[in-house]
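Look at the two complexes coming up: chain A is in both, with chain B in one and chain C in the other.
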Partner chain A sequence: MKHSAKGMKTTGGRSLSRRRFLTAAVSVTGLAAAQALFRPLRAQARAVPEDPTRVPGAPPSPYGQRSEFEQATRLAGTSHSLTPLQDLHGIVTPSALHFERHHNGVPVIDPARHRLLIHGLVERPMIFTMDDLKRFPSVSRLAFIECSGNSAREWRAPGGQTVQETHGLMSTSEWTGVALAMVLREVGVKPDAAWMLAEGSDAAAMTRSIPLGPAMEDALLCYAQNGEPLRPEQGYPLRLLLPGWEGNTCIKWLRRLKLGTAPFMTREETSHYTDLMPDGTARQFTMVMEAKSVITHPSGGQQLRPGFVEVRGLAWSGNGRVTVVEVSTDGGRTWQPARLHDLVLPECPTRFTFPWRWEGQEAVLQSRCTDETGYVQPTRQALITVRGLNSVYHYNAIQSWKVARDGRVSNVHA
Partner chain B sequence: MKHSAKGMKTTGGRSLSRRRFLTAAVSVTGLAAAQALFRPLRAQARAVPEDPTRVPGAPPSPYGQRSEFEQATRLAGTSHSLTPLQDLHGIVTPSALHFERHHNGVPVIDPARHRLLIHGLVERPMIFTMDDLKRFPSVSRLAFIECSGNSAREWRAPGGQTVQETHGLMSTSEWTGVALAMVLREVGVKPDAAWMLAEGSDAAAMTRSIPLGPAMEDALLCYAQNGEPLRPEQGYPLRLLLPGWEGNTCIKWLRRLKLGTAPFMTREETSHYTDLMPDGTARQFTMVMEAKSVITHPSGGQQLRPGFVEVRGLAWSGNGRVTVVEVSTDGGRTWQPARLHDLVLPECPTRFTFPWRWEGQEAVLQSRCTDETGYVQPTRQALITVRGLNSVYHYNAIQSWKVARDGRVSNVHA
Partner chain C sequence: MCTPEESGELVSSRFVDLRKGGQRGLILGICLAELVGGTTVLAQEKPANYGLGRTATEAEINKWNIDVSPSGDGLPQGQGTVKNGAKVYAKKCAACHGPTGVEGPMVPLVGGRGTLATPEPVKTVGSYWPEATTLYDYIYRAMPYTAPQSLTPDEVYSLIAWLLFRNGIVPERAVMDARTLPAVRMPNRLGFVPDPRPDVPK
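The block that comes next holds the complex of A and B.
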């Protein structure tokens, strides 16, 4: 649903009351107006009853679908797709719209044949079936996954037209699985084990090295997402979840964990997923996704109409809870606190809102978040001062949306 | 996914270690075993690669689907369908599996043509478009909706074979909308208004009377569910949400709110949705769904194998938060505390678990919850003592699952 864009279209240029949130709604005085509710407002290409109370509806169904009137989709590239954040509400991402990133496609895996091998520096190398893993004590939690390449096009110039294009490689689910620590206790971790190789069974055989200490704290071997089994593009039937860490480490289609003393130096942590610094060195194993926020409404590609506008956005941190979100309507000169909506959870986006009136003036909207470690989301200039312009990953600067006098919203680097 | 049932099938009758959660997983000693992972374990009717790492996978897609290997469905009657609680994880119900209950089918409604009329005892009768409603400040929250007819077949004799059949008219979503109180401030509530008629635009033109006081506290006019627009069978494009109240009051396809001084005495609160008591009187306007819990694993129709069993279930209350869940494995003679998992939220199910070992003995599993008001979920006998056996709605007694010596689980009235 393009609710945000639709919600801002003018309904005929009536000036909106300052006292109320809207007066575009039509005042009525009696039943005649109520009857008028059900006249067709526009020609329909499909059979939509003029009065749905006169036509028996559809029977129950085994597995529901969204309305045919709803067309929000992931924007798909060759090896990724982007979540339409401008169309979403609350904090949960519908599984069908969770962003994708894969390095050689989404494999077809029969869960009855899938196995997880755990070997290397362990007392008892073991192979687990999916049924074995589901038999363990289970844990569920809400958490975001963000590709470290999210917002990568913003390093040099405004790259994305919409928030889907600038920030759509971040999605949120309720994940269920078994604590990695519990499964590793079953195989027995040898004292000198310090790193773990995680390998996917996709055609890229994706591998990453994970430091064992932090992974033992809160990593999950996940088999479910938003109540259901994982979606195929999210690693069905098994993925690693490292809450708050770059998405690439949350290995999908997980088939193997090998424990060792040192990182395994796979391709994805040498030629990729490193951050080239101004002095020519590269940051490596930059696992944590630092605090970030973005306004999803109004955002690029939308058009405002004058009157009350609820500024809406998401803020998240890989280092715990978001504690403060501030909004600026003047390109960062002044800031005011946004309201944080429940739920405020660690490694999970928080929905924020900020009441605003737009009366035709030019404006630059920004949001800035602080997390529980005291870390403040940097300006673009502050980020570049430290990191330079050679990086691809871990761009978490403040995003600016410019509102023009005609109400059009666009991506700018303020 | 029938994970619960699958998870309990024997893998060959090996006795399981008492020390560990499982030993059904296969111990391996080298790479030869790892290679064996990818041999086909059974013939496949469809093209599933023997080694998914050798076959490029599918490209990204605009709107994802679940794996073809997953077949959990709602059990559909003529005017309702039941959520497969035995197949679900965490607390969020996938929208595609949210239970249905409609009185004349699911209507097709064009959101651009849909209107909400608010009239009666208001200062300014108004008609709202969907865009109008989305322009208001927004609120999101997790909440269950339970049909007051949930578990109705259990009044007289064990009626459902599975937890889907006994408790499947309860589902949970993250709902987003605008506070009813805020919209009513816009129209101006007259001082003598005390009740509100809510009317749907389905072919039943469902109507219920809602007391205005409690509705002003936390009722929402919802347009989204789990991030997306409402699903058609959940009232697309607009439904009323009264957190913790019987599902029937959460009018779907909402088109009209009329304020008045007294209940409107619609068919659904006279001939239906009342509770006939032993003395011949009927309870009316029994809106709140009182505290209830059920074990979803193990549950009816599943079969245990010996060893560690994580007892899993859900507990909820229309009167706020669940504070305690206890589990009995001996039909209610003794009780032990279950673990409540985060999140513990008002009017939202809490996932509970209880570690158990089953070694072939007969057992009767029960769960009993207490909510923040101090209300304790009643035994079946206690409920019947007060309510008699003439009721259809509001059955919230403790559920018993009998485990036979062969591991089969069935619904009993213990």
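The block that comes next holds the complex of A and C.
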């Protein structure tokens, strides 16, 4: 949504309300960027009327598209793509912009032929069709999924230039499916079952071992994302969701669950997704994504203009709700509380804002969150003091964005 | 949807019925939910069963049951030697992992011993993997990258023999099969510790 200069005028008479704060901030940062994009686009796009009130608009369409003026895209590598957090508003990630991570591509799966097999330490091995799974009582909830490799380039040096590069392996959707516990009851879990192998039907046949206790509490077998069937990149037609756990455990294209007494020691929980410590040992089964926050605006690569700036960001915790977010504009010397916006949900990002004035001074912006367990997001120094520089995964330190005197924003280690 | 008779019976016997489970318990659970004002909570509290899904056949399970555990569970019949492994590797793996498993361009499979506690750790099958059985599980399910699940058991056992030999873990005369593979002791077997978080002081 872009606010026009005219829109600003209509609020001009009133006191500096929250609404006007927003309008002003969006205009300042968004307008220049948007204008730059409009020019080359106009040539190829549909004719843009001088006055849209004088020409009939487009007819309805079967499946909507975003405005041709909007350009936010995922940034793709060979086996992952990053969500453009700097371009998004609110807590939900548009399905088309949800980050991707796969180990041998996105498979094509016909839902009519897809099956979920549950076997191992069960009373009765069973097979479920997608139709079977959709007939169970359903559950919907918002939850983030964060790859444990999110921000991995930040351990040693400021690695990413933009928040998309530093934090774009985290996205949020409303997920709908059936509780894993409900389907497992249907199958009958044997008393000695303690771990569950979950396997995807992609070309990596991705597998992870999941401890059964926590999985029985809130794991979902999901078939829908933001109200429609899962996107192929997100596991169509069926994926596991373990709210707050590292993304890799939320096996996509799920086709098999096998119950056993011990972890299965797959490559993805030995060679990968294990955190190497300074003494050469490695932590295994580091499942929860601990509390983390990041300022998405202003963030790396953006250009500030003097005047009012709304600092905006997201805070999330795999251990429940975010209770407090604080913002620092002086590199962590002093902190002030940010405003948390509804909804504040467990294992789901909370949006925060903080009104600020930038008058050309050098500044280092940081956000720091606390979750309902009392856990406080650590500084990078505190984190690397314990974990060293080689653990690759589970980096959740405070992010610093430096604002230079010319208004350029860049990634720094404060 | 519920007749008055059903609802009456339900109120008196609901706990028994709901705990017993079964199709009947489900129907009564839903009736009760309707009776008390449309909440679905009660229907979801009941233990099962919804009568959805069907029993899986032995053949269906065997077709997908490809995982291999550290105990050796899941390892098929077959065997492989280092010599044969070198041939299969040259033909099906070297292009991506390098002629000796070190060169790449993809993940190195050989080397890195003694580097884990250094500033530049090299994590490979030889330096990092705790269980030899994971090699069977992973190579069969995921390699070669362009043709996963295409290797025969003899090929996989041979590749493992070669990789373990190149990493200095088994001798050149080693033969890998369902009995010998789980007995291989990987150098980093004791290198993994449970997650101690929260670990960073405030």
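The criterion applied here is as follows: the second predicted complex is superposed on the first by the 368 of 414 C-alpha atoms of A that agree within 3 Å, B and C clash if a C-alpha of one lies under 4 Å from a C-alpha of the other, contacts with A are read in each partner's own complex, and residues count from 1 in each chain.
Going forward, contacts are C-beta pairs under 8 Å (C-beta built on N, C-alpha and C of every residue); 3 or more make two chains touch, one makes a residue touch a chain.
The model shown is predicted, which means the values in this text are computed figures rather than measured ones.
Trainee: In the superposed arrangement, does A:Phe128 touch chain B (first), chain C (second), both or neither?
Mentor: both
Trainee: Applying the touch criterion given at the start, work out whether A:Trp253 contacts chain B, chain C, both or neither, answering first, second, both or neither.
Mentor: first
Trainee: Name the contact category of A:Arg312: first (chain B only), second (chain C only), both, or neither.
Mentor: Touch status of A:Arg312: first partner only.
Trainee: Examine A:Arg267 and indicate which partner it touches, taking first as chain B and second as chain C; both and neither are also allowed.
Mentor: The answer is second: A:Arg267 touches chain C but not chain B.
Trainee: Is A:Ala157 touching the first partner chain B, the second partner chain C, both, or neither of them?
Mentor: Touch status of A:Ala157: no partner.
Trainee: Where does A:Ala382 make contact in the superposed view: on chain B (first), on chain C (second), on both, or on neither?
Mentor: second
Trainee: In the superposed model, which partner reaches more residues of chain A, chain B or chain C?
Mentor: B
Trainee: Between chain B (first) and chain C (second), which, if any, makes contact with A:Leu117: first, second, both or neither?
Mentor: both
Trainee: Look at A:Arg283 in the shared chain and tell me whether it touches chain B only, chain C only, both, or neither; answer first, second, both or neither.
Mentor: After superposing on A, A:Arg283 lies in contact with chain C but is clear of chain B.
Trainee: Considering each complex separately, which residues of chain A are in contact with chain B in the first and with chain C in the second?
Mentor: 104, 117, 119, 124-129, 132, 135-137, 182, 186, 203, 205, 255-256
Trainee: Could you list, by residue number, the parts of chain A that touch chain C in their complex?
Mentor: Result: residues 103-104, 117-119, 124-129, 132-133, 135-137, 179, 182-183, 185-187, 197, 199, 203-205, 207, 255-256, 258, 260, 262, 264-267, 270-271, 274, 276-288, 290, 373, 375-376, 378, 382-383, 385-387, 389-390 of chain A touch chain C.
Trainee: Per the contact definition, I'd like the list of chain C residues that touch chain A in the complex.
Mentor: Chain C reaches chain A through residues 40, 43-44, 47-50, 52-56, 60-61, 64-67, 69-70, 116-117, 119, 121, 123, 125, 128-131, 133-134, 137-138, 141-142, 145, 148-149, 191-202.
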